[in-house]
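What follows is chain A paired twice: with chain B in the first complex and chain C in the second.
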Partner chain A sequence: MIKEKNILKRIFISFCGPGKARMLRTSIFCILLSMLFGSLILLLLSKNPLVAYQSLLQGAGVLPKLNYPGKKSQLTGFLNLVDYTTPMIFAALSITIAFKCGLINISVAGTMIFSGILATVLVGYTDLNPVVARSLVVIIGLVSGGLLGGLIGWLKYKFNMNEIVVSIMINYIISYIVSFVINTKFADPISRQSVEIGQNARLNLMNVEMFGLKMNIPLLFPIAIFVVFLIDFLMKKTRFGFELKTVGSNRKASKYAGMNVGKTMIVTMMISGALAGLAGVSYYLGCYGSIQPRVQPSIGFDCIAVSLLGFITPIGCLFASFLVMIFQCGTSYLSSRLGVLREIPSLMTSILLLFSACAFYFQEKADACKIKLLKSRRPKNE
Partner chain B sequence: MEETFVEFKNITKTFPGIIANDNISLKIKKGEIFALLGENGAGKSTLMSILFGLYEPDEGEIYINGKEVSITSPLKANKLNIGMVHQHFKLISNQTVAENIILGQEPIKMKWGFLPQVDIEKANKEVEELSKRYNLEVNPTAIIKDLTVSVRQRVEILKMLYRNAELLIFDEPTSILAPQEITSLLEIIKGLRAKGKTIILISHKLDEIKKVADRCAILTKGKLIGEVLDVKTTSIKEMAGLMVGGEVSFVNKKEVIKQGKVVLEVDNLTVENKNHLKVVNNVSFKLHEGEILSIAGVAGNGQTEVADAILNLIPITMGIIKFKGEDISKLSIRERIEKGISYIPEDRQNVGLLMDFPLSDNLVLKNYYKEPYCNKKGILNYSEFKKNGEKLIKNYDIRTSRGNDTIVRSMSGGNQQKAIVAREISMEADLVIFVQPTRGLDIGAEKSIHDRIFDLRKKGKAILLISLELDEVMELADTILVLYNGKIQQNKSADQFTKNEVGEYMMGVHNND
Partner chain C sequence: MNSIIGDSVTFALPLFIIAIGGIYCEGSGIVNLASEGFLGMGAFFGGFAFALFAQFLGMSSVANAYLSLLFALCGGAIFSMIYALLSIKFKANQVVSGVVVNMLSTALSAFLASQLNLSIFGQASNKFLLAVFPRFTVKWLVNIPILGAFFDDTYVFVYIILFVAIIMTYVLYKTPFGMNLRACGDNPQAVATTGRDVNSIRFKAIVINGALAGFGGMCFAYSISTNFSSSIYAGYGYLAIAAYIFGNWRIKQTLYACLIFGFSRSIGYVLIQHLGLPSTYSDLVLTLPYIMTLVLLLFFSKSNISPKALGEPYEKSKR
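For the complex of A and B:
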């Protein structure tokens, strides 16, 4: 019995204990643990967890399904996943960079709506040439988000206003104003959402016929990957990244070292806002084509947990976004195939996010375990 | 009298990368004053924290009155009649003395027979009785923030006595007091012993230990050195020798150096705090090349604010600061650093260092944006960070577990200070400001920092030294400026002062207001 306990402990330590690639190992541990818990729930419902996970992956286009309707295949499923993951990557990066500077930016949801509506109204309903229109959409996303983020940073610096409170308020203000604008001016009488934008401004190529398939190709995805590495480089290798991390770690020491704390915070919030703006345009003008009034996009809040799951690193955000979106995209296939409620898969996502938030706790626990294990071993050798 | 009160048996405590206590066994007798001596990072505070329930030992047992106990929290320590007077007071500054003392053990009365209420009158009476019994004069209804440091310390002691503490641990109690206050504290400690209390005194001031302690143990690098010493039969020099391993020469010979041009000139400097009280009031002085000017004073009389104002860490209300003849009052912090001002801050952990960053990053904290650490495009060159780190670690004897990559938090206080000093001196500034540079450091580290200061003086740098340790001021300074309530009391050459005179000025004895 004692030996068995030790084996479990040793497994735990080998996942979360000190050593190389610790972050990655702990993440994998969190994922496995949440899958274990998910299995328990499924077993309670007397469903086969293996089939469940398989269908989750099939639904998300990672594994092939048994049969597909006409003009669909695993590829279209996977492109769908990529499509929904793109805004999540931007949103998680937005949280990550602000967090590294010691700021908690909850305004991602509001910023997404803000940049979404601006791009929709300014470009979405025009007949500009596709290249011009799409570049304009991206620029509007960057600029509007950056300005909004900069505003929050400025309020924080100038009046020492708590950025969390400000960003929650901004979420509501934007959400209601935009609903008002949509309902009075741009509402589609049938869908009660904003009128769908024209194809020229859409950041996805819709219904492209290729290899006998009908696909949606997300154009911003390669840019998202590029931005992940760009932010990674910015934080690790540049002077600004060093200042950002220093200010995030200790404002007093940064001031003493001669850094311009206020400027660093404002610029960081601008970058964070610009990323949230990109998330907004890729969500509202990519995945969808219209904006639903009075609804704050859930990505704007899920991205906080995704950033944590990715250990608040840009590369981690990339993988974490995919993982979480696999759960979300596979949901409908899973629920229809196994006959479980749609809430069950989202419950599993929540468990995953919950465990990922405990990652640092697991690491600390593993350290303590290791010390105890080493100690219990010592007397035997003597 | 010879009864053992507390016994440590084979206590070992490790932190990642460091053994703080290595197999320590100690017996503390009832009714004695037991001193714990040691360098910084030697493990004194860790050992006492174990006794007070802040840490649990990895190995070993603690016996109290012959019974094995496991102390898992300060609350439990209180129940075992152990009390600790911390180095940094843990008092609520806007409550009264009595409220602070009874906190957690309030006497309760029932209002209208059923509504429980704190019986503040009873508390005031109890505190008054307690303070009379132990000769610790306090006014139970005074608000903490109006009190001086030494009175606050008395409140801390009373807090422990109110909880029936039989064993009182004093963690570096004299480090914040003026000389006259130290004498009275030592009397208080003796008085407590006379009333039958047991006292553990953590200190590295040998003369104080010599004055009050009965026995003393020396810790070095987590280990107990030699036997427990009888203080009466051991000389200060012997103790110091054991502490640092080898004889220490106490006297630094000050060479005569010709002072050069004026480097720093402060004119009518006034600084107000948030409540618009003048914490620095119309202070003027001049500092020359090759001069050590020391600002002496009891803690909180405006010394730190003078230093902060020179670097622009706090805004000034009035006055002009001139550096090498140029008015720098309007410049930013970075511009002032670039002009040639180095600053070793008082709060090394929250201001001087980034505790969770590696050592090499901390050693370039003020230079990271310049060539060769960063090119014109704003890309950092980490191999230069490392080179600089290696150089400074070697030249300034910074001891670490993993060199450049050591996370500063895991280093001992003395080595953290060495890292700051290394960074600031290596910038070759013409004015170096030291605020409390040796606070909490052991004799060895203190001496090495004093040597650095003399070295700078020899090189013709101007040095502004702010220290609460009068001995340090007397030993190093060429000129002494005493501040009381933000005002200059006296400013003259160090050899025209005696230690007691400086002490009197510090206490405001000659204040004309």
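For the complex of A and C:
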């Protein structure tokens, strides 16, 4: 085994170079790099980065805090993290499946609001039986998102409309119209958001007393895990998954091979939209229970980069979502404990996503380093 | 009537200058989704410069207002280099890196605004207050019916933008640099065979884009809210993208698109005032430009021709 002399290069190659579990290693490299960057910022503000990262993890319920208020413990913190991660998983999956088909679905934010408001208005304010209401909410999320996604795919296929621009326009149209609807009919005068939905339609069990703790239990999380593996199966083992990837890598070749490109694209966008719809209902009817007018959920855009951090694979998305949400859930504890600004964790998230966008470049570079290394050690008289 | 024209021009022209930046960027073959981030970051730099120099020059100084525009231009240009690095050097997916740069811009400007306010001005605020931008009336043109409204008490930056737009149009269509830039968008390998550096041309295009977007962002900060805050990220960058796609990547048509957006917006506002509707209806007005874009794209998309090499990182060896 040839060893590189330069220690930095050696570390770089061992993280991003060829070999087993390369994607995982490169992801870890990106994470470490961004943590290094974050530490630099924290050091500039003369704060201890180690304490900062520890309190991030503590705030997100991954590590135990020193003391908890009554009826709270690490478990409640962790359940909160799971709760907020659920919509992110759906959203990242939505991006992933569209990405594999060569489409970029920026309409996740708009779709989330759309399915959120539909479910809120149609089911949220009724007092149906909890089981019926919750399943109705999920179905509304799936169908409304699927229809919207299908519409975008259809416009792309039929009218050659740029799907990115259409998605952006749809985001804004939905966001403003929903804001109008909320402000005219469903506004809560105090919170200036939509009136909170009834408990029966809520996708979380709120404030359940168990083991002497008060917890919020996200009901959709097991479904999210199931969907992760379902999409993984769909993409790897089925005929449709193969067609999807082929259309994504070369549209002309797949047409030549006799695949129905338009149908594949539209169906993919429908699945992608349906997943975004699920993200919407789990976000607005799970985590929050009300909708803030005129605000597009940041998850809708973060998920693009999360999907990339997870190397555009469903299982990667699962872990990447958790990682990014740890940053966001730990924010308030971090800022209160160290007295730093609340913006720092979101800054670190975006730096992390910035590096993950360069992941393929890192791999390429590591390959080049390795080849150079091998060449330089070859006997001269060859 | 005059106020409708005045309002729509103040909205349309900053949008136009951002869209010109987008045309430069996409013309060179780089997908431009980062306008939103550039304009926000430009406005941040401008706002910070204004707040900083206001300490010496006073809040109402006219020179300070122009200076802040200049800083916004530079700030946008500097920030756009990150995007250039990602999309040219690192060959990242351009759509993704655009989205990431937008996120970085939102987070970075919010963080820096709070931190700088705290450590330099000693205030717990995430805003930079701005003064009212100077206005100017061209006396001998005001009396022309309808068109005169363009010149009646208009923000000075409107004239600056018109001037810059003319220069940028000339550069893009009449100079060798502009020709090469557009060729990079269609066939970068052909440009490389003439001995020019594709990546350097694309880099310049992105920096121009950042500078213009930063400038436009600062104009929005002056005309819409007279302060810099995170409300600057209201989707104007995306609207500019819609404008130039609707304008088929040509500067002249893009101007029309921007004016249509501006007019539909201000006419909607006036209508609501006229009909005595509650202010919540302004949300519906704000959807007008977007709905119009969608409908118009529906008809024109088939004939839209985007730059051929758009979104592809430049590979020397590719045929």
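Methods note: the second predicted complex is superposed on the first by the 373 of 382 C-alpha atoms of A that agree within 3 Å, B and C clash if a C-alpha of one lies under 4 Å from a C-alpha of the other, contacts with A are read in each partner's own complex, and residues count from 1 in each chain.
Rule of thumb we're sticking to: a contact is a pair of C-beta atoms (placed from the backbone, for glycine too) under 8 Å apart; a residue touches a chain by one contact, two chains touch by 3 or more.
Just so you know, these numbers come straight off a predicted model, no measurement behind them.
Participant: Of chain B and chain C, which one touches more residues of chain A?
Facilitator: In the superposed model, C touches more residues of chain A.
Participant: Between chain B (first) and chain C (second), which, if any, makes contact with A:I106: first, second, both or neither?
Facilitator: Second partner only.
Participant: If we overlay the two complexes on their shared chain A, which of chain B and chain C does A:G339 touch? Say first, second, both or neither.
Facilitator: neither
Participant: After lining up the shared chain so the two structures overlap, which partner does A:A257 touch, if you call chain B first and chain C second: first, second, both or neither?
Facilitator: first
Participant: Is A:Y361 contacted by the first partner chain B, the second partner chain C, both or neither?
Facilitator: A:Y361 sits against chain C, while chain B stays out of touch.
Participant: Of the partners chain B and chain C, which touch A:K237 in the superposed model: first, second, both, neither?
Facilitator: Touch partner of A:K237: chain B, not chain C.
Participant: Between chain B (first) and chain C (second), which, if any, makes contact with A:S249: first, second, both or neither?
Facilitator: First partner only.
Participant: Across the two complexes, what residues of chain A are contacted by chain B and by chain C?
Facilitator: none
Participant: Please output the residues of chain C touching chain A within their complex, sorted ascending.
Facilitator: Residue positions touching the partner: 33, 82, 86, 89-93, 95-97, 99-104, 106-108, 110-111, 114-115, 118, 235, 238, 241-242, 245, 278, 280-281, 283-284, 286-287, 290-291, 293-294, 297-298, 301-302, 304, 306.
Participant: Along chain A, where are the residues that touch chain B in the complex?
Facilitator: Contacts found on chain A: 237-242, 245-246, 249-250, 252-253, 255-260, 367, 371, 375.
Participant: Taking the touch rule as given, give the residues of chain B at its contact with chain A in the complex, in rising order.
Facilitator: Going by the criterion above, the answer is residues 14, 16, 58-59, 311, 313, 332-334, 337, 343, 345, 347, 350-357, 361, 365-366, 368-369, 374, 378-380.
Participant: Contact residues on chain A for chain C in the complex?
Facilitator: Going by the criterion above, the answer is residues 45, 104, 106, 155, 159-162, 164-166, 168-170, 172-173, 176-177, 179-180, 183-184, 293-294, 301-302, 304-305, 308, 341, 343-344, 346-347, 349-351, 353-354, 357-358, 360-361, 364.
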